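Just below sit the structures, each encoded as structure tokens.
Below, chain A partners chain B and then partners chain C, in two separate complexes.
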Partner chain A sequence: MTLQAYQEKAAVCWTGCKQRYGVFMANPNLSGGQKLAVHYFTVAMVLFMAQLLFGLLAGLQFIFPRFLYEILDFNVNRMVHINAMVVWMLYGFLGSVYWFLEDESGVPIVGLKWGQLAFWVLTGAVTIVVLVYLLIQIGSGTDTSLWLINEGREYIEAPRWADIGIVVVMLTFFYNVAATFAKGKWSGIAGVLTLDLVALAGLYLAGMFYVTNISVDQYWWWWVIHLWVEATWEVLVGCIMAWSLMKLLGVRRKVVQTWLYIEVALMFGSGILGLGHHYFWIGTPEYWFTIGGFFSALEPIPLVAMVVHSIYDAGAHRFKNSNHPALAWIIAHAFGNFLGAGVWGFMHTLPQINLYTHGTQWSASHGHLAFFGAYATINIAFFYLAAQQARGNVWMGGELTNGWRWKTAAVLLNLGVMGMTVALLIAGYEQSFIERAVEGSTWAGYFAAQNHPWFMQAMIWRMVFGLMTAVGGGLLFWDLLEIGKGEQRPAAVIENDAVTQ
Partner chain B sequence: MTEQVPRWASEVFWKKTAIWVTGGSFVLLVILTFDSMKQISAGGPRVPAHSVINKDISYRLDKTKQRYQPTIGGEAPLFGKVLSEEEAEKLVDHGKKTVQAKNCMNCHTLLGNGAYYAPDLTKAWLDQSWGAKASREELMVNFLLDPEKNARTFGSNRKMPNLDITQPEAEAIVAFLKWMSSIDTNGFPHNFKAIGEEE
Partner chain C sequence: MLIEPVALSDFFLSFFSAALIILLATLYAALFAWSKVSGRKILTILAWLSYAALLVCIGVFSYINHFNDYWLVLSLLMALGYGWMPRLIWGLCAATHDETTHQTHQSGGHHD
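So, the complex of A and B:
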């Protein structure tokens, strides 16, 4: 094919895309905020697929170390794997808030155009950052590398220019949320959400400077990572969950808001000082043993509360709901959050055991189940709410056409992640015993544990379950593109508690 | 009949509790942060000054605390050159920047944080696999300059890739690793037998 033929093909493709986009933007079933939310959800799903792909590549390198050696090394694959995860989760949260903002405030979004602009700016920036990660990968030991290529700090590797962009986008998002609630009605959810967003944007600033002292560096780095993941993100998810329980099950506002305040008190009460469990071994004072150990041991309590709350509400409403896939994922969220973030975190949070597990596959095991259980699940629930509404608020109850697809995707994803978690946990146990306890943490000890058949078997099982997760992810993507298409029945109407009573 | 909600189960009670608990926890964290910063600044009680790279560093069991701790010994200048505090800080800073720019943390852990594909670097300077103290600096630099040729795979087939590290960068990384090994990490890693401390 000649260059001209390629150009013509590309032009046809571009026109087709523009046409489809025009049809989507004219969709009468979605409000302005919901259209913006679908933009965020679409990119989130693409990034989720990228997370799965690069996770598989990194997992394969444990089994075949020469695979993609000096082409896409482990550090590159792993960086894209975890960054795609962080970013798709943030995209999911932003999308979820835009999704319910108008419903909750009762008015159209204030400054929606700025929100739309922020979306395109953020997406452009994310694309450039990923391309630089993949094509340039590393730089020389200068400030320029940290500003333009890679900051080299786990989870927040994005170069400094992108950090500034992220803060600007978060401020725009905050403006949309705060101004819309200010114009419309304030609610308990609105208050908690707005204050949480202040903390979320503010905390990111703690990760935006360079210091020589690695103890100081990691001290502030944990402010961003822990206070995002184990505090502000959890509260944000609490707000999203509160709204979705009202929407899906018709739970009374007074009930969800009281629960939300209880969860905020427990979450921040345990999570803020629970930060101390990251300060055991980085050079920080010994008092963090007591503070970090005690408060982080309390961290599962709000997660238990969330399980009790959501399961009670689902039971009280006899599981009558307007969107079966979304409810299934909300339930997966309640259990996944409790198990992954709560139980798996608690198991190695006390310094007496953490001395041996810190920096082993134990952390990877906890990380896989916690991020999936706490955040991926609730985002997926919202993707289903969006698919339902975008297709005309259609039926998403029993006897769905091709209903096997969402169920199979859910089973594969949940089993796959759980299987990876257990495989990594076995590797973590083995590493803690052999490398740490027996061999005394030397490099020779590290490799003695890595070469052990128990470790290698665990890595193979992790790969098997990783593939299962990837198949589930692909099926989920397909289902979201198709579910509800051609469905004629309207969505089930759920009676509100107040009405029932 | 009117609804009887006990005060401790009311929305208002939990709203106030949430505000006070959050505010109180945050204030405590800020106070503790000021104290921690004082204790972990370079040259403070837990993180030695950068010029510690001029000294012999080891890691021994403190029998009273039952915990391993760094020990600072006599003169042992890095690459045979005694550096002032400013010169040492500049060198360590270059090493830290290089470690970040080369994305080391996505294979290795530093102070136990990072990825788990390659060994922890917290006490890399003190690892027995360098053989003898006398040849350690040269071995480390050579390894960083050409990790494929000088691979240290320990039978795992995992090789560090060539990261285009220059001679000054390699020396700076070694300085950074030496300085990091002197940080009091509350006994992490445990049971680690440092080079020169063989029984």
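So, the complex of A and C:
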């Protein structure tokens, strides 16, 4: 094919995309905020696919160490894998808030144009950052590289120009949310959400300055990593979940808001000082053993509380709902969060055992299930709520056309992540035992553990389940593009009977 | 050092008992709530059995993790906290769901 033929094909494709985009923007079923939300959801799904792809590449490099060596190194694949995960979660959260903002406040979003601009700026910045990660993989660390290429902090490697951009976008988002609620109606959800966004934007600043002392650097870096994930993200998801439960199950606002306050108290009460479990081995004082140990032991309490409440409600609701795929993912959220964050977290959180497990595949095992269970699932549930509304609030109950697709995607994704978690747990156990306890954390111990048959077999099983997850992810993407198309039946009407009789 | 790490021979037991603490605490909470919903005596008995097993696990966990001095307070907190928490949450559930009003919904919750 000649260059001209390629250009013509690209022009046809571009025109088709523009037409489809025009049709989407004219969708009468969506408000301005919801259209912006769909933008965020779309990029979130693309980044989810990128996370899966780079995860597969990194997983393959454990089995075939020379695979893509010096072309796309393991550290780069791992970095893009984790960064894509963090960013698609954020895109999902931002989109979810834009989705319900107008419904919750009762007025159109204030400063929507700024919100739209912020979306394109953020998406452009994410694209450039990823391209720079891929194109400039090796080099010395200088002030210039810190500003333009890579800040060097694990999980938040984005260069400083992008950091500043992220804070500006978060402030724009905060303005949209606070100004819209100020103009419209305030509610318990609105209050918790607005205050949480202050913390979300503010905490990111803690990861943006450079110090030469590695202990001090790590001390502040954990403020971003832990306090984002185990405090502000949890509360943000609590707000999203609160609105979703009203939408999906018809739960009364008073009940939802009361429990949101209780959750905030439990999350902040245990999560803020639970930060201490990251301060065991970075050169901080020994009192962090006690603080970290005690408050980490409290962190599963909200999860146990959730079980009591769900049984209480299930006795009355019997899971009558208007969107089966969304409810299935919310149930996956409850189990995934409990197992990933609760069980897998507590198994290795106290310093007496964490001495051996920190930084091994044990952490990766916990991370995979906890992030999937606590955050990916709730985002996916929200994507299904959005798909339902975008197609005219259509039926998404039983006997759905091509219903096999969402069910298969859910089974593959949940089994795949659970399988990876168990495989990584075996690898982590072996590393803790051989590398840390027997060999005393020496280089020889590190390589002995990496070459041990248990570790290598675990990595092969992780790859198998990783492929299963990737297939499930692809199926999910396809389903979200197709579900509800051509459906004529209206969404089910749910009668609220949340009171146990 | 303020802590004494787990012995090599106790690795598995440490992980296993930690996982069981959370799982049994949840099982106890679930059985307790279910017994309240259904009113079946057998569920109450099973809930107490789960709690007894939970206490054993806390004991094993504390022993092999060499808990002493104020670390024993953590054992006590887990034993009392996981026993009391389901009752507290149940009480809160009953208190927050005490209205008998019904609502019909399709497009989301409504402001009170």
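Just so it is clear, the second predicted complex is superposed on the first by the 484 of 501 C-alpha atoms of A that agree within 3 Å, B and C clash if a C-alpha of one lies under 4 Å from a C-alpha of the other, contacts with A are read in each partner's own complex, and residues count from 1 in each chain.
Assume a residue touches a chain if its C-beta (ideal position, glycine included) is under 8 Å from a C-beta of that chain, and two chains touch if they have at least 3 such contacts.
Treat the numbers as computed from the prediction; the structure is a model and nothing was measured.
> Between chain B and chain C, positioned on chain A by superposition, is the outcome a clash or a fit?
Overlaying the two complexes on chain A (C-alpha atoms) leaves chain C and chain B fitting together cleanly.
> Should A:450 be classified as contacting the first partner (chain B), the second (chain C), both, or neither?
First partner only.
> Taking the superposition on A as described, I'd like to know which of chain B and chain C A:79 touches: first, second, both or neither.
A:79: touches chain B, not chain C.
> Taking the superposition as given, does A:254 touch the first partner, chain B, the second, chain C, both, or neither?
both
> Determine, for the superposed model, which of the two partners chain B and chain C contacts more residues of chain A.
B
> With both complexes superposed on chain A, which partner does A:394 reach: first (chain B), second (chain C), both or neither?
Neither partner.
> Once the structures are superposed on A, label A:470 by its partner contacts, choosing first (chain B), second (chain C), both or neither.
So A:470 meets neither chain B nor chain C here.
> Using the superposition on chain A described above, determine whether A:236 touches chain B (first), chain C (second), both, or neither.
The answer is neither, since A:236 touches no partner chain.
> Determine, under the contact definition given at the top, whether A:483 touches first (chain B), second (chain C), both, or neither.
Neither partner.
> First (chain B), second (chain C), both or neither: which does A:43 touch?
After superposition on chain A, A:43 lies in contact with neither partner.
> Using the touch definition from the top, say if A:418 reaches chain B (first), chain C (second), both or neither.
So A:418 meets neither chain B nor chain C here.
> Please provide the least distance in Å between a C-alpha atom of chain B and a C-alpha atom of chain C in the combined superposition.
5
> Between chain B and chain C, which residues of chain A are contacted by each of them?
In chain A, residues 254, 258, 262, 286, 289, 355-356, 437 are touched by chain B and also by chain C.
> For the complex, which residues does chain C have touching chain A?
Where chain C meets chain A, its residues are 1-6, 8, 11, 14-15, 18-19, 21-23, 25-26, 29-30, 32-34, 36-37, 65-66, 70-71, 74, 77-78, 81-82, 85-86, 89-90, 92-93, 96-112.
> In the complex of these two chains, what residues of chain A are touching chain C?
Interface residues on the chain A side: 100, 103, 106, 185, 187, 243, 246-247, 250-256, 258-259, 262, 286, 289-290, 293-294, 297-298, 300-301, 303-305, 307-309, 311-313, 315-316, 322, 338, 342-343, 346-348, 350-353, 355-356, 393, 429, 432-433, 437-438, 491, 493-500.
> What part of chain B is in contact with chain A in the complex they form?
Within the complex, chain B touches chain A at residues 9-11, 14-15, 17-18, 21-22, 25-26, 28-29, 32-33, 35-37, 39-42, 46-47, 50, 89, 92-107, 109-117, 119-120, 123-124, 127-129, 152-159, 161-164, 166, 169, 172, 180, 183-193.
> Can you tell me which positions in chain A touch chain B when the two form their complex?
Residues 58, 61-62, 65-66, 69-70, 73-76, 78-79, 137-143, 145-146, 149-154, 157, 188, 192, 210, 212-219, 221, 254, 257-258, 261-262, 264-265, 268-269, 272-273, 275, 278-289, 291, 355-356, 358-361, 363-364, 431, 436-437, 440-444, 446-448, 450-451 of chain A touch chain B in their complex.
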